[in-house]
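What follows is a pair of complexes built around subunit A, which joins subunit B in one and subunit C in the other.
Let's turn to the complex of A and B:
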């Protein structure tokens, strides 16, 4: 972990299964969590870490928020207070796309999900780059039910590309596009859309 | 379609060692389909090049030749739904993903791990065996080194420094053919090969040189001069016999003797080959034999009225055995002989015996036709006349040798151009050339036929052609003819149709371990030197040096 632990911490697990987990954080930073980001949640008592791709970010409403939303001329302070000071968490769901164990990345579902309250860290740029060097996580995204798979795929690959030096981004996206093409070759209109959104 | 997803990862860092692609399907008879690696630019491929396939189940390596290149797609709809022309990213992604290159490879030879000598293929590599470009070392191993009987004829495509060495002993062992459109380099290759055969002393050649391409100085369209065989072997290993002394003298070419054929020597069989060219009908052709019997050895002189025979001829007509119209027509058509200056009244000289004894001593003979080369009938008459008689002498000597009464005759290669005129299906069955092609080397005589229209040659004769050296051909029937009787060769069709228009040839058959496309060796000073020819200036200088040191 090349990154400062504190800085990378983005919350704790509230719900989970081997297919993924839901995390909650009090106040989000502008950059994290975002759609298509990679994160890590501890599992097996710290022996493994599940890698997730964030695909859904939500904030539950509550009575106060509903009232504030219709209040006439709320003050700046009132709005900020409602947005940040309340105890309503920002929730995000991550799809498990692999795990890290014994110093290596594995591109299958983890053997055990993280436990509730396990810490969740954002993956550092270097980690994302290492993990995404192989594209074997693509089938796990493509096979996920009931989530916007294509948008997530494109976002995750753009995130992965962004961790690389400028000159290798395009070759990386081409390679990734080809991997997608292999998986989606039967559905040309869908593939076309996906590739369009990968455009560097 | 199957695909190894790790391929990119496994080979990603070492593109120079990466295979061109993987074998994905195919058969021994129809060849292999190879899916190309997207990182390899298929635009750099060329049919005719060699590849090496590493078997996956054994250490066996397969040598093959690229026979076709194609575009493929995992989804057939892609052709109807290509990426937008300006979308270069999408094009790049598709290329190598859903769209990919394919090449077809004909496997030719295989080499087991511990073996030195490659053998003809009897099986094919398993699925997903990697296909690599053949290295010069691979190709050298297949064609072996140059030695006394292996002659350097050219270089494989894109491998200038690799030698393709033809097994000349095998080349002359059976009849061979040099094919190609006009101007593709047939005569140059033939001369190169003959130089090799003469140098190796494997056979004597009797060359019916229609266009003065072999004996003395040859001049090309650009006016450049090339040495003829007589100049390459000034030591007497090559004789030139001319039909046309005047032209030979005008061309300043050296000749060893002049060919004269006496009218009395000509037999109806010699004339029969000319029937179509002279316009002799079947009845007229049949009448020749009757006339020869009735008129005796002077039959031609008598028919041409060079000898008094009016009475005799009238009697033949009156006896009713020949009608006046037939006789008149034959006499009219025989006027052709009068224009052939090499035909002389009387018995002629010993030219056949002389040529035979030269050949039998290992001296090659170039028959220079001079201006008679433009008259096909003259060419056919002389080639047929001499070949029948020389062949007969070979048969006699071979039989005597079998009885222990003579030495084996020196192997003979007879070179004819426009071969289809001698070997077309109508005549091949009953001409001396058809017989030589079919009897294989029973009497130590084989043919080297040079032709631009192989489709005109009788199939049965064609199937006896051991080695085929083929320059560019674009006529479908000719291409088919060249491949007839060679199993699996049809896959090389595209290779043949895509040869350069000059100085490139596909060689297949008896004298090469596997088919090969060569850029033929330049016929130039370097070649002369390789043959050990010393130019006249050099000779002069050497002599001068000798004098200097002597005194």
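Let's turn to the complex of A and C:
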């Protein structure tokens, strides 16, 4: 594993299905994982890599965390201990929006989910750009139940646009907006809201 | 569910009534005890020591130190920087109904460098015991839970010593979640004495290391149930001739605890006078240069939710090499209070050490499962006892779902 890949490692899979996976990391870095980020988890003994969009990041508490939160003025060491040393993993959930296999991207659910403890990497800017060139991942996001689909869609498209040179960002978002219009044809208020969130 | 709750309900109510009656009766004894504490503090110490000597080895009362018994001591200033170390242990006892006979000891430790702002260092060290010499005592009988507890206590002390050596020479408070006594030495029968002595020697060696590292070692006992000071109060009222085994056994403060007495006596943050143990139980410790003293401490925090201002009385045990060194005793007193500030009366460092040590039900099962698989890999057939198996049959029930 090269230095870059080390850098991009954002945790390991704890549970999953073909629809997506949940990863955990001890201490998050400020930039990863973030809502709407693209990430990759190895599956099928390395033969495929599932592409996920992060839609939920959560940290569980326990009674000690609650006690420390209301304590009058906990010491700096206690705060550092609670935030860094205690084994409270940061969990993030990613929605599967495609997979990479045999040198090509596929815009459908993966044939098999990753295994528990599979490594999860952030996708590089180039990879995000290549994957999002086709907009065929949009239906998988739009069709996902019980998650904030519209916000996720807007965040993912903004991430995708940001990996492109300045001059093609707007055309890209316009193209994405049109694709969404086709998919959300009958739901005008929702479409308007989405287009609004895509504007810089 | 085989426990018939409706049958217990009236018993539970009777228990509540009885406890309330007893609490009231005990509360009536308190003023007299407090008065006696005052009188004893002002009395001649030599005369008191004479009585303690007369009471003999079997009497389990406290002995006064040079600090007058009724005096209370406000918290000294906390040093700007203090290394706070805490260790705790947990175990899986051997189960003859399980697929294999083994036990496990897990020791957790935390090193908080108070005042540095640094993230504390934590450790968790599990050790599996499975060799014949681990599992059987010298006379061939299976190892008992007392021995495993003794080994765990020694491992906890060893972890404290390891951490203390890393910050030797700097102000250090080393906390243990219990008294300093090795209970094993009290519990073993004569035929196992040699093996218990081996563990005691290890334990005392760790104490030597802590002493050499100049750490302020303290055993923290939450909700103590002892009545050693009350026994001393009673002794102080007896005439020298009156000190007879029968008179010592029954006394007017029977049923009260030192904790109840000092809850009335100690303002928040204050500690009581130091006392020493007379019991022969501590003889091994004294002989090795680790005589143990104790005091009571009100760790109650004035501003902490519903328990605000309520006295929280802990018993703190310290070796004399801490007790008689005002600086180190100060670290114990102010250090424990500081650790208790955000947790409402129980030291934060010990909360974390426990968290790092504890082996829960799920982890116990995970170990069992891993062991089962290891046995299979090596050509053995893991099999739990028929009794354990039948217990599983009657355990959880499943619901029919469509």
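Here, the second predicted complex is superposed on the first by the 197 of 200 C-alpha atoms of A that agree within 3 Å, B and C clash if a C-alpha of one lies under 4 Å from a C-alpha of the other, contacts with A are read in each partner's own complex, and residues count from 1 in each chain.
Note that in this section a residue touches a chain if its C-beta (ideal position, glycine included) is under 8 Å from a C-beta of that chain, and two chains touch if they have at least 3 such contacts.
In this text, all values refer to a predicted model and were calculated from it rather than measured experimentally.
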Simultaneous placement of subunit C and subunit B on subunit A, clash or fit: fit
Which of subunit B and subunit C A:67 touches, first, second, both or neither: second
Contact breadth on subunit A, by residue count: subunit C or subunit B: B
Once both complexes are placed on the shared chain, angle at subunit A toward subunit B and subunit C, C-alpha, multiple of 10 degrees: 170
First, second, both or neither for A:196, with subunit B first and subunit C second: first
Which superposed partner A:174 touches (first subunit B, second subunit C, both, neither): first
Partner chain in contact with A:104 - subunit B first, subunit C second, else both or neither: neither
Which of subunit B and subunit C A:80 touches, first, second, both or neither: second
First (subunit B), second (subunit C), both or neither touched by A:185: first
Per-pair minimum CA distance [subunit C against subunit B, superposed on A] in Å: 41
Subunit A residues contacted in one complex by subunit B, in the other by subunit C: none
Touch list for subunit B against partner subunit A, complex: 3, 5, 8-9, 38, 74-75, 77-78, 81, 83, 87, 89-90, 92-94, 96-98
In the complex, subunit A residues that touch subunit B: 133-136, 170, 173-175, 177-182, 185-186, 188-189, 191-192, 195-196, 198-200
Subunit C-touching residues of subunit A, taken from the complex the two chains share: 64, 67-68, 70-78, 80-81, 84-86
Residues of subunit C that touch subunit A when the two form their complex: 110, 112-122, 303-305, 338, 341-344, 348, 351-352, 355
